[in-house]
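What follows is a pair of complexes built around chain A, which joins chain B in one and chain C in the other.
Here is the complex of A and B:
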């Protein structure tokens, strides 16, 4: 059997989405600007907070800025590549449009996960680059090493994969439920936990919460691991968490694929 | 007069029934909305652990948590999801025409629909709110004095009116620019930041603080919460309530003027 070229198909998707985005140029620009201004407000908030405290859970101002730019890298990638598709999936299930995806001679999960690329979301990616370039040289005692160039992007990609797994598994539940409109809300509230340094979850309630979101639903490692690699000295403490992040990514991807396939088995089309 | 009251009563009743259809989803959604509070508690605990003093601009950690919970209550009154964008949509697709031919005033109709919306919301959200406030009771400094509490309730009602007429005025701009989505997004960002929903406004540097004083946004969330926590007292409290009322009046008038001007230049798009 002839296999389709996955890369070729993906590039076509990306190109088509870009053409579509460029058809509504003003809208594209506004979307980009709004997501950037949202991040600027967020940054403003933390600048304010750091006027009153030297550090938050051992993250000083510039280290925390690195943390924020890491959040922006990961989120912009997830929003650009996976978010529009996950939302579309529940719509495909409700309308029965998933039939067409199932008929195509290509992996269904690949098709429904990458069909649309939201280029405007990448605006934050470039803002994150600027913020990173601003913050990193201001961290006390920071020394750039080749490891940073290798590990930081790698762990950002792993983080994106973990979030993708959570997202596609959530979206797949719409196959069982028929419709899952609160998907986006649920997603927002879950990832909300990942956007802070894991050290803040401390104490009677905090420690179990941190362990839950590290070892059961591994969303805390998504931002924390790459951010630490960049902002904190590369010491052996990090090795455990970094290795765990690799394992967590692999398990998340496999687990979400399993959930997706199981969900597909119960798909019974809709309308006509 | 009676016929007129009857009309408005019918509108209110229909809107109420419409809103009650989705009550289950509503209650769950409200409860989930408190989840970010959990991370805020941890975040501010970490902030206070590192800062030398036990208070930041007069707020202890417990005050800050109580502040966030109170702003959520204030926003339950003052936020108007879909109001401005609804007006804009009606202008764009021509539905607004029915208010031009029917003997029903657009703003009064919207206000009644919104009151119905809010009443149902409070009915359903009272449970989740009570639960969360009960669980978090240790963060509150206790009940304020009766007159302060009365002022707090008054400021909540005023914040509802301010939120309504401010956002309705924003929606009326659609008569001039058909596509106002981006404008509304900017408005939303402004309200989120400058209403004090994101942090107690006292944290702002002087320049920004002065700026915020000249804007209506702080009366949407910061003011009621600060009143409850006793941050605004005596003379300043009365002054604040007076300014809040003035803003409400200002937007009642501007909303109506904008609507009249808008109707005059309206040219009936859509079918």
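Here is the complex of A and C:
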């Protein structure tokens, strides 16, 4: 029996999404421009902050710009590939459209996670590239090594996987709940936490918070690990966190798959 | 001595008995041929599905208490049905809304899991959702669409090609054949949202049949379509089924669909199968009366027609009576003996009417049953 070609199916999804996005050109442009300008405003805000302080929790201006571009890489990838699908899942459950996904001879999680690609969100990916190219040479004592080229993209991808896992597990709960519209809010809270250096979470409240979002819901490692790899010297104390990030990714992916499968078992479908 | 005897008996009993098949004694090829011979395409035993639904009370206060304490009710959508469908049969599933038809189709396509019982379609248990099974059937729902709304149908077809991994030449051949039969060739490049309901249904059918399924489940494929579009879909289904000999289960509210397509009809009401047989058989089984039309000689219409049966209509010089099936011969001879009648016809009541009456009757029985149950004090 031949298996479906997952790559072939994904490319068709990507292609169909692009054709669709192009049909609504104006919408596509507005979406791209608005997300890019939101990030540029953000950047302006931090430039202002750094006029008053030389560093935040040991991150100086250009190091922090690397941190921001890392955030932009991860967010644009998640928003392009997974966000529209996770949102759609709740809708598919409510309307019974998930029926069709269950009929297809292909992994259901793959199908519902990737059927839409939001190309407009990739605009920020290119802005992030520019920002990275601008900030990295300006970091004091920075020396580019082959490790950067290997580890930085790898940990960005792992970070995307962690966020995807949280997102799909959350979206899958709508199969039990019938409806779960808190996804967007939740996404906002999560990214709000993850987009700052973990050193700022210190003290009576900060430390437990950091431990919670590192070891229980590992969203702090998503941006922090790749950003440190790029912005800070590659020294041995990064090894622990980097190894942990790998483990966290594996556990998140497996955990979210388990949640998804459990949820599918109790799918009720909507009446016709 | 004793040992030898036991051995001899043992040898005898290990021979395959002609009446029971021992698959372990035969190579695989024989086994699958045997499967084909004896297995129905669809086999259902005691299939049950019940849902727990939240009984919402009226009003805001009740909604707030509902947040903390919920009152649930079990709804039995399918109550232990048995059914066998042979390979190549075209079977209609009839029943009022909420009878359990769609639930049954969803169980058979593995979209939902049952609460009890067993089913096998082409040798697979549907709710295990094996890819091997999912490659061999299709489900088309008249009320839902699976094509990409903003894209031309051909893009969705291409996606199906990838998902089902149909090779290019095969894909093109099947697509062209379906598109020709359904006469939608010129619409392939138009976004689905711009198509009429009938055209969209044709595209849905094409998409569902691209991978040449062996079993097809159709849930009200003609719902909302005008007469011509309905007729076109019927014509296509009839032709396609005759050509490919696939097994089809169809649910529909339109008796015309059923009459045109299916020799076998299964009626389901309140989650139970109440009839399984031919369309014509429904009338014999469920209709207690016939319609007698009398054409009287001029000015000779009797005034006491009611003694022969229930008067349905009088348009002089014609009268229509509803007469008990059992007394039709007696009534007829008495009418002919006592009155000057020019013409007579005896007909079965229209099928729609018989079925509607039957549904009403089962609904009433059900309501009575529920009422009786609620009267008995719970332990």
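Just a few scattered comments:
Criterion: the second predicted complex is superposed on the first by the 272 of 272 C-alpha atoms of A that agree within 3 Å, B and C clash if a C-alpha of one lies under 4 Å from a C-alpha of the other, contacts with A are read in each partner's own complex, and residues count from 1 in each chain.
The rule we apply is simple: a contact is a pair of C-beta atoms (placed from the backbone, for glycine too) under 8 Å apart; a residue touches a chain by one contact, two chains touch by 3 or more.
Every value quoted in this text rests on a predicted model; they were computed, and no experiment measured them.
Aligning the two structures on chain A places chain B and chain C next to each other without any clash. After overlaying the two complexes on the shared chain, residue contacts for A:3 are found with chain C alone; chain B is out of touch.
With both structures placed on the common chain, the touch criterion links A:235 to neither chain B nor chain C.
Using the contact criterion defined above for the overlaid structures, shared-chain residue A:185 touches chain B, although it does not reach chain C. Contact with neither chain B nor chain C is seen for A:216 once the two complexes are overlaid on the shared chain. With both structures placed on the common chain, the touch criterion links A:265 to chain C but leaves chain B unconnected. When both complexes are overlaid on chain A, the residue A:19 reaches chain C alone and has no touch with chain B.
Minimum C-alpha separation, chain B to chain C, in the superposed model: 8 Å.
Those residues of chain C that touch chain A in the complex are listed here as 51, 102, 106, 109-113, 129, 131-132, 134-135, 137-139, 141, 143-144, 146, 148, 150-151, 155-156, 158-159, 162-165, 191, 219-220. Interface residues of chain A facing chain B in the complex, by the touch rule stated above, are 30, 33-34, 37-38, 41, 44-45, 48-49, 51-58, 182, 185-186, 189, 192-193, 195-197, 199-203, 206, 209. Partner chain A is touched in their complex by these residues of chain B: 25, 28-29, 32, 35-36, 38-39, 42-43, 45-51, 56-57, 181-182, 185-186, 189, 192-193, 198-199, 203-205. The residues of chain A lying in touch with chain C in their complex are 1-5, 8-9, 12-13, 16, 19-20, 23-24, 95-97, 99-100, 102-106, 108, 111, 265, 267-269, 271-272.
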